[in-house]
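Next, two complexes with chain A in common: one pairs it with chain B, the other with chain C.
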Partner chain A sequence: MAKNTSSSAFRKIDIDQYNEDNFKEDEAEQAVPTGPDEGEVCALLNQARYVEALKHVLNNAPLGSTDQQVKDNALSLTLKVLIAVKSAQIEEVVGNLSLDDIDILMKYIYRGFEYPSEGSSGHLLLWHEKAFNIGGAGSIVRVLSDRMKV
Partner chain B sequence: MSQTLTFGDSCAPITCHAWNKERNQIAFSPNNNEVHIYQKEGSDWKQTNNLVEHDMRVMGIDWAPNTNRIVTCSVDRNAYVWTQGEDGKWSTTLVLLRINRAATCVKWSPMENKFAVGSGARLISICYFEKENNWWVSKHIKKPIRSTVTTLDWHPNNILLVAGSSDFKVRVFSAYIKDIEDQPGPNVWGSKLPLGQLLAEFRSSGSGWVHSVSFSADGNKVAWVGHDSSINIADASQGKAVIKLKTEYLPFLGCIWISNNNLIVAGHSCIPLLYCHEGDEIKFVAKLDNTQRKESGGLSAMKKFQSLDRQARIETSDTFLDSIHQNAITYINLYKGTKADAVKISTSGLDGQLVIWDIATLEKAFEDRVMI
Partner chain C sequence: MSATLKPYLTAVRHTLASAMCLEHFSSQVVERYNKPEVEVGTSKELLLNPVIISRNANEKVLIESSINSIRISIMIKQADEIEKILCKKFMRFMMMRAENFIVLRRKPVDGYHISFLITNFHTEQMYKHKLVDFVIYFMEEIDKEISEMKLAVNARARICSEEFLKRF
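After this line comes the complex of A and B, so read on.
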């Protein structure tokens, strides 16, 4: 028997790399937002203007950005806002968001699950429940299928 | 309102289905390399033929109503055109697709003189008959497709073709074959129409791969559904702008126009939905299926055990959904009427059921409700 029959390395060869018209990710069509402004968000949080703070981070989310640092900063700032909102107020805050905002919020909720801190996941589950009530299964599917990751 | 058909004792998913012109015969693939043909006899459906020529899973079937020819395509990279002899037997004609990946979808053109095959080789084969050699030859549309072509639909003018692909884009091409047809005139999509000419490309940034596309009856509008649970419509007479509706449902796998403004979509949420295109909005109109949880009495004991076996369940607890289809709907077809005025449509899916829906009564019921 040939020596290399147990070798499976050939399965990992990317035979498509020699094609000239391979699929490439679309370049961002317009300038990608550079992420939310930390000072402004903190100021809004201090005044307990949660809806505005959340809208600010969601509207300035660096979707499709290639800079991991920018994305991580935006994530930590968004999580800060999500955790600052008290459980009883979540429903009201979510009710003030547009459907597009809900989709982005859902992306941040799932990203938040990836980096749990003390008590954060339980709180995010509450957010998830309220966001799901509005966005439905569609908003979860869009977290999975969308190439514009947060 | 609706009529449910199952074929044989098999619970296998139905990959795709196609009707003959009189709607008394159906061809479908039970998720394998075979294509079964059933004929209606009285109120029963009896299997008359089994087309076995492919050696891997059949991905697409289309039945040309007037010339009574069936075309099938498969993961084995082949397509066959089937014609029925006087003795009722079906025989194949070879199609030279010249592709090195699976064929994924196939559609006859409206005039039935050519058909298009989409494939994983990132190209579309436009096939037409060559008498001298008694086979179907193909010409390729390659650029700028960057990924598997998942779905196709013909424009009513027999020239234009819309293709959806897993590179998230929907493209309108010219599929004009100068060897077999006259020079086409200009239309709303474009005026220069050599084969492969890209007339429109719709990208929806950050959306899912495209599952199904449909040209409207007048050919001015294209609708498509993607894996981001969205419904999209582009109107060539309105500057080709894309209208997108993100829905709260699981992704849709099929879409079809049933009038110039109404669209049926269906997919993983197991219920066909009716949407309406008005101005620059897509509006939800109605669910076709308002079934409440029903008793499982309709199923034979045999079916019940088969279903238990298939889902590897031990206990007989009820897992029925509140819908007629019990699993994702993968394919929608017209049953009665045309895209301009469909009266009945048929859907098939992973649960092995084929359901014929009466849209006329549904639309009437809806109008009555609006009146009240």
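After this line comes the complex of A and C, so read on.
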């Protein structure tokens, strides 16, 4: 008998992966923006145009991008903007954002919590409160459930 | 510093209220079984994104949610050696009695001091807003308890040493 009947390697194959019902992550089809422009954001911050700086950073957020470096750069830039805005002005800045922007802002706030530095978490907590007042529980649910992570 | 306590607890409360939306969901892998999906973690479509809320580098809360269960892990502030020992012993005391606690997990998640595991069965039997209130109350009281215990330890140590040194 030419067949190798003593090999049991077939037992180690994971046949569940061939099941058609398996959940497949949607592949990223559309092109994602490459992230906010650092020079422009710094210029806007220096001119104290916080609302525009924040809008620029949020509109160009690299959602769903696969490049971790791009995401990290965008994150540090956004955190810079968030920390630059003074506590008293947060409410006014948040009032100028659209609801979609508030969702993206919430995503960045939660990401910012993962890297606590000198006083940053306290400031982010203020941002969280003001964004929650406008976005509501829905904005938090969208952070938890959206696959397009920031 | 305690100015951040209230916003910290409000943020945790809002996030918990949004994340604790659990429903009954049997295991997709093994028939007639029901497992907390956040603990199994193999089916990506059943898990929500984990989020962290931090008050500073030493205090944070990790909230991982799924379709039928949520895991809340707390890192407690420990300022010095005594607080480290007290916290460890206190958490160990509670985790050994996790069955009576119902929602407590016997082992904390890596990097945190204590973890809760709340499943849909708990939310069916208990009010969700009360569960959230409980977790927030727990976070508030832990710090107070540990401070109280530390004061008690120091006071007892002082009395003991006074008595001992009176002989000399």
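Heads up, the rule we're going with is that the second predicted complex is superposed on the first by the 131 of 150 C-alpha atoms of A that agree within 3 Å, B and C clash if a C-alpha of one lies under 4 Å from a C-alpha of the other, contacts with A are read in each partner's own complex, and residues count from 1 in each chain.
Quick note on the criterion: a contact is a pair of C-beta atoms (placed from the backbone, for glycine too) under 8 Å apart; a residue touches a chain by one contact, two chains touch by 3 or more.
Predicted, not measured: the structure shown is a model, and the values here were computed from it.
By the touch criterion stated above, A:S121 is placed in contact with chain C alone, chain B being left untouched.
By the document's definition of touching, of the two partners only chain B reaches A:G135; chain C does not. By the touch criterion defined above, A:I15 lies against neither chain B nor chain C after alignment on the C-alpha atoms of chain A.
By the touch criterion defined above, A:L99 lies against chain B but remains apart from chain C after alignment on the C-alpha atoms of chain A. Of the two partner chains placed by the overlay, only chain C lies in contact with A:Y110; chain B stays clear of it. Legend: residue contacts after superposition of the two complexes on their common chain; A:A88 is shown touching neither chain B nor chain C.
Contacts of A:L63 after superposition on the shared chain: chain B is touched, whereas chain C is not.
Where the contact sets of chain A with chain B and with chain C meet, they give residues 23, 137, 141, 145-146.
If you check the complex, the residues on chain B that touch chain A are 122, 142-144, 146-147, 167-168, 203, 205-209, 226-229, 246-251, 269. Chain A meets chain C in the complex at residues 16, 23, 25, 110, 113-114, 116-117, 121-122, 125-126, 128-129, 132, 137, 140-141, 143-146, 149.
Residues 3-4, 7-8, 10-11, 14-15, 17-19, 21, 29, 43-45, 48-49, 51-57, 60, 65 of chain C touch chain A in their complex. The part of chain A that touches chain B in the complex is made up of residues 21-24, 26, 29, 63-64, 99-100, 103, 134-139, 141-142, 145-148.
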